[in-house]
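Should a chain be cited, it is by its letter among A, B, C, D and E, assigned in written order, with residues numbered from 1 in that chain.
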Amino acid sequence: MSAFRHTLMGRLLADPLAVFAMAIIALLVVSALLADVIAPHDPSAMNLADRFASPSATYWMGTDNLGRDTFSRLLQGGRIALYVALTAVSIAGLIGLILGMLAGFGPRWLDNALLFFFDTLRAYPTIILALALAALMPRGLGTVIIVVVITSFAEYGRVVRTQTLSLKNAEFILAERAMGASFARIVFHHILPNVLGPFFILAAMNLPVVITIEAGMSFLGIGVPPGTPSWGATLKDGFDYIRTTPWILLSGGLPLILATLGFTFLGEALRDQLDPRLRKTR
Amino acid sequence: MTALLSLRDVVVEFPALRGLKALLAPPEKRRVRALDGISLDVLAGETLAVVGESGSGKTTLARAINGLVPLAGGQVSFDGMALDESPDWHAVRRRVAMMFQDPVGSLSPRKTVRDLVLEPFAIHGIRLQNRRDKAVELLADAGLGPDFLHRYPHQLSGGQARRVGVARALALTPALVLADEPTAGLDVSVQGEILNLMNRIKAEHGLTTLIITHNLNILRHIADRIAVMYLGRIVEIGPVERLLSDPAHPYTRALMAANPEPDPTARRERIVLKGETPALNARPPGCEFHPRCPVARPDCASRAPVLEPATTGGRVACHYPLTKETLSA
Amino acid sequence: MSEALKVEDLSVHYDTREGALQALRDVSITVPEGGIVGVVGESGCGKSTLINALLQLLPENATIPAGRITLQGEDVTRAGTRRLRQMRGQEISVVFQDPMTSLNPVLSIGRQMRDIQYRQQGSRAAKDSRSAAMLGRVGIPDPVGKLAAYPHELSGGMRQRVAIAMAALMRPRVLIADEPTTALDATLEVQIIELLKELQQEIGCAILFISHHLGVIAELCDRVVVMYAGVAVEEGPVADVFLRPGHPYTIKLIECDPGKLKEKVTDLPSIPGSLPDLTDPPAGCIFRPRCDRATEICATPPPRKGLNGAHWAACHHAKVDKA
Amino acid sequence: ADGGRLNVRAYLEPDDYDPLDASGFLEELLYGCIYRKLIQYVPGDQWDWQLDLAESIEQSSPTTIAFTLKPGQMWSDGFGEITAEDVKFSLERHMVDENNSRIRPDLGTFTHVEVTGTHSGIIHMERPFAPIWTIALPYLAGTIICKEAVEAAGGKITTAIPPAVCGPYRVVEHRLGERWVLERNPDFSGEPADFERVDLVVIVDESAAEIAKEAGDVDFTSIGPASVARLGDNPPDGSRLQVHPALFYHWVGLNVQNPKFADERVRMAIMHAIDVPSIVQAAFFDVAEPATGIIAPGLIGHRPETIIPPQADFARARALLDEAGIDRLEINIDVLNTVIHTTAAQVMQATMAQAGIDLSISVHESGSFWSLGVAADGERWQDLELTIKRFSMTPDPYYATAWFVTEQIGDWNWEQFSNEEFDRLHDEALSETDPAQRDEMYRRMQDLMEESGGYRFITHGVTANLFADSIVPATRPDGLPLVQFFRRA
Amino acid sequence: MLRYTFQRIVLALAIVFFAISALYTVMITLPGDPTTVLLGPRATAEIRADFRERMGLDNPIHVQIAHFWGRILSGDMGTDFNRNRPVADSVFSALPHTVALVFGAIFWSASLGILLGAFSADNRGSWLDRISGVLSVAFIAAPSFVVALYSLLVFSVWLRWFPTIGAGEPGDIMSRLYHLALPSFAIGLAWVGYVARIVRASMLEALGENYIRTARAFGLPRRTVIYNYALRVAILPAVQVLGVGIGGMLSSAVFAEIVFSRPGLGSLIYDSVSGRNYPVVMGAMLVAIGFFVTCALIADLINAALDPRHRSQR
């Protein structure tokens, strides 16, 4: 038991905020995985007779303009949201991680070149890039993921670079060099483990942002194909029919806010636990 | 005895000014010389101690030797190899080990002690029959038990971390060790343990050591010779007994006399130095020590002294070196 | 002589995952008006904890299960936040251990020195000139110009002196200095010591000086407290303690100082063993596991044996000093 | 409409003041306020025209129209009286190649204007051109501008404020991207306008427009079918709702040249599998009627009914596919990112599955969508399968059929429908002056379209206007506002 | 500092140059021909061909890009494909609205976010901290178009406190601000949450620093310690994040401008991308990216000014 208390998980379970966050995430993940089982209705079954139904015992969160059950769609949408968010963030994160470490530890010209590249990419407003890419590529989750990756990896790259730079002149890196360690060994054995902490926190906080980007793209009609039960599409429906069914916008926003709460607080709890300085004063 | 390490006119420069000042300043002011023409030899098997004011370039000297800071001039040769001509550092560093000033900071924070002491083997691709046994052996040499194998650096006290650093530096039985303030910030008991370990290995393997310290109390016990640095230059170098008993350079003397002794009854005669250490980019003309020197004469402000053999042994850079006679007078 | 600062049976615990870490146990220290008291001890023995407790600036996970701290007759552990704020700076001021991080990096020296004078009357210019005068006193060249400097523009030694100037500026009754000379070379170290002596003469304050450099303590202090693993094991006038130590730990500590050994040795002395686990300290004498004089009786708490006047040691085996 | 102010929502920003560059109704909204024409549409439920600048106007021969202007009709800003020269200039400049008039096709076979007096002239056509009364003269192309002022400005109106106007209002300010501010034109020769100031407020989003109406920030706006269904008979206090049948036509087109649809049975199966009523129900909230073709009720050429009934016949569709030897048919539909069309596509997707047709939906933003069938823009036009489109319409049937002639393949005829009879009829109907004959011809043309298996007509939709009861709006039969005729209640 | 500024400016110019040139290439390769989209259904093939030629659309891309920069350098942004007026007119009439919107959003997020963050850190662990934590995270999650629509419904329709549309009367500052309040709030809200979290985190870190202990040890008043000493350091990352956040805000501006029917760069770019109105896209993006880069630059310089330790990144 006491050994468990010292593992990361053990420490997280001792932190009420982390428990709260993990409970939310567990709820989202489980409901997404079991969407087919727990959904009271077929998420894409239309029933025009029952459209715009108010929340009731049959339709817990009402129905949309085609009479589809909002609750079932949100459950199914969780799957898409988590899939898009996790894939996009991992790909963007990986690219950012590698480029950021190269920039931070590589020669100065490489740093300048990569920094320039990062800043150039960040200069485009996300939605404009999304618009251009959406026109170039077929509609679908893949496009959404690519848009997110392109617009966000520069941010990871910058953060990792700054981290790497601050480590670059750390005594222990000098010590490794003094022992004759190679560039690759220093980067992968000594820099990487140390940038991973802040990197994961950033990634955790960015997961929900990805979902909001998807929502924004849906709003402009360039998101997932129509009919796909994504949270963004639900928000867009809610927007279109706000005067008829104001609750759709709210119920579409709820899981998004839950996911954000879950991931952000988990990220913060992780940071508190991983950073010895913050942990000490707890 | 032959010199294992020898330095000739080594110069190290750092960018000094930034921003607007750097643009406007004359070129010579844009960089500071942290080391300005250091020449010294370290003989095989001896221990040379480097002392001097904080900021005088001691750490820089050690780093310049094993290529962690680039040389702006001069030659360094180690065991016949010219280290200033981009040598195979990988091979050189296998034989030149370094102990860092900051004991915990120089250990990779997410590695266990076991990985840390075995790191030199991993870096140099040396296969070990039994990694665990080797780690235990190395730690035992440094006075740490096997219970430390799985600890992380932050779980070590300063003294324990220092010992890991020692174990690691000595793992591949190097020819030369550069030890940067190995006892700073430790209490006297732990300090004793560390120095004893180094002495023992030196005795067993004929290790050559360059040790940097500002703990004057330990010099007598560990060093063969002492080099005194001031503003990036060596102002005096000589056998340890001579420097402790009759230092020839006024700075050396002020330094030695400054050491507070744990004897409440001791009588103290100190040379109180005037003023501040000059900035590296505002070196005084002539003898750089003259503005603070208690025995400076007018011509010290115009003539720069060079290291010359002192009458009492060793070498000193002073126009009017102190002697036993001037001291007692 | 009345007491400027009196610590009675102070204990401080840190709440950690392994349990309560007893950083201080029943520590009593008295600093007389105008006196200079030194505290020595191994690293991690609770010196900084003591200072933070005096100022009531302990971290959140610290508790004070027992003890009284009286500053000029007033119990600071009972003082309200408002009263505490009045005391801090004015009646008690401090030079912290690490000058590199103790100054705010984004504010100029002058601004920080002006801010702490917020209670004083006078215009900005008046306060600034007071600051500059004090910087001059601690030996900083061009003090008026340095007011505009930021901490990172100063060398370590200068920063240390700025910190001392700030503490002295308040003309406190009690000045606390936590290892102000570690990381400085010997010439700078003696300069600081001289400075503190001068200030003490001038302001007439009491000083609590912490260091593990025995030489510095010997040179500066009137009295010294020796601490080991959160316990004050010996206290007395500096000459008494250093020349006739009563506690085995003190004896060993002094023996270990290489400065004592005038002849070259190959093996420097050290104390075998290591600090006890403070979350589960041994019963009785804290030094027992490393003590070669330990006997059965040492399993019971040692008494404070008066040795000679104001000199005592917490050891069953301490012998009363006849000299 | 407080203090004589009127705020009318514009769903896009009108382009500019020069009819040469006009592209659609938004410009008409503005031109109607500031310019005049020989004849104008009559507000109300019947398509008809009334005299405006013209005192009299008549078809003097199949290829000529004689007109006389009312005397004493003045330009603003001291540009004098409106003369036949102005009419000649205004109409003929569209025919000059260098001018690149975008609305030149609206003038059809028009050649020139013969000025016979200060106030009289004759409009000449090469061949009879029936739509001249319905599309050309009362709409964009018939807008009369001031010859003297425009020539002085270099032949084109590019200034921030138009140099001379003659309508009931004049431009005070154009806040780019936001609104046009108009005020009563003191030089207007007709009865002075009712409002001191008229703002054409650009609100692209329909929900936002409705909210703005509710908050009182606009007095007149169109609203979407969902809102019509919701508001029904009880619009909010102080508001009124009017619903008009619109002229637009929405249809599902099928690229008949796509090898996938080479078999006529496949095309027919698809047509039978599209259930128009459910699309109308879902996307138009049942406030509109299924269409019978591309020509709306009330216009010449309107068909009373379709050949294939609007209701889907899945069994029939299935049978046709079976005959063609197809088990599962996988097809793609390209739609624009509007709610109506994406909804329609989803309904189709759901219903066509019943006939064993898998429909996948590709949504495009407008830039990408509108070039899908354009040959000049890559190869995509050949691979098109299904599309949903909406074309806008004018009150003449010629305007509807024009896009489906063989010549339009690679431009607007995305179905690549090519039929000799259709092309011929389109050409002939243009010059046919007997309305009954024309009616017959256009009905035949829609039959041909439907028979090709390339067209499934959805609806013409409705235009629903929500407006403050403090104003009396004036609209064309299809519900589009004629702001120049708006009055205070 | 001046050299740093200079370096940053050169870098910023280079970024603008590359970003725009790359964008030009992407734009040209987008499917969707401007002639069909823009000229409308009545345009004949000749009109289109003539149009292509006038706009130089038939040249190779690098030639087009070179021409583009040539024109920009001579101060000409080209002519709007759609309306026959200079692109500069459209862009520069939209720019002030967007700048106002973005700065409004920065105002909201900086003022509310910093306050909320500092307050949370100051009351760490209390239920007030928890509530403000949940609130600020919820703010982060709310897409700006949702916030825009709801604030429109609540504050304009139900409460009638604010107008629904437009940017206010030109020349009337009060009316402009009045129209700005809601849209900038809609964009800023997510950033309020973001800034609050960042400030809270860096504030907690700062409060644990030794110099804060020093300030306390000298008996400085609590307010001075927290809001002068700690916040001054804690605010630095927030400034950086806000400076770079302009890019995100420009995206949200698209939504706010659509919902509130405000003129502005966001909707101008959106419309012209959909309409393949290349000259306007390029002109507007040039200005937008220029604006972004300027803001990032200013944030960097503010940071450098607030933080005397700050030099170049190395």
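By definition in this document, contacts are C-beta pairs under 8 Å (C-beta built on N, C-alpha and C of every residue); 3 or more make two chains touch, one makes a residue touch a chain.
Note that the coordinates shown come from a computational prediction; the quantities given were computed from them, not determined experimentally.
> Going by the touch criterion stated earlier, list every chain that contacts chain D and also contacts chain E.
The common neighbours are A.
> Which chains are in contact with both chain B and chain E?
A, C
> A-E versus A-B: which has more C-beta pairs touching?
Between A-E and A-B, contacts are more numerous in A-E.
> Just the number, please: Cα centre separation of chain C and chain E in whole Å.
Taking the mean C-alpha position of each chain, the two centres sit 53 Å apart.
> Just curious, how far off is chain E from chain A if you go by their C-alpha centres, in Å?
Each chain's C-alpha centroid was found; their separation is 22 Å.
> Could you grab the centroid distance between chain A and chain D? Build each centroid from C-alpha atoms only and quote it in angstrom.
About 45 Å, centre to centre.
> Would you pick out the residues of chain C that each touch at least 2 other chains?
Residue numbers touching two or more other chains: none in chain C.
> Mind pulling the residue numbers of chain D that touch at least two other chains?
Those would be 207, 211, 365, 367-368.
> Considering only the defined contacts, which chain E positions touch chain D in the complex?
30-33, 35-37, 39-48, 50-51, 82-85, 89-90, 93-94, 97, 149, 152-153, 156-157, 160, 163-167, 170, 258-264, 267-268, 273-276
> Quick check: in the complex, which residue numbers of chain A touch chain E?
Those residues of chain A that touch chain E are 108, 116, 119-120, 122-128, 131-132, 135-136, 162, 165, 205, 208-209, 212, 215-216, 219-220, 235, 238-239, 242, 246, 249, 253, 256-257, 259-261, 264-265, 268, 271, 277-278, 281.
> Given the complex with chain B, which residues does chain C contribute to the contact?
It comes out as residues 41-44, 141, 155-157, 182-191, 193-194, 212-219, 238-239, 242-243, 252-254, 256-271, 274-275.
> Which bits of chain B are touching chain C when the two form their complex?
Going through chain B, the ones touching chain C are 52-55, 157-158, 184-193, 195-196, 199, 203, 214, 216-218, 220-221, 254-255, 258-266, 268, 270, 272-273, 275-277.
> Help me check something: in the complex, which residues belonging to chain D touch chain E?
15-16, 18, 21, 23-24, 97, 100, 102-106, 156, 158, 173, 175-179, 201-205, 207-209, 211-212, 214-215, 217-218, 365-371, 374, 376-378, 380, 391, 403, 411-412
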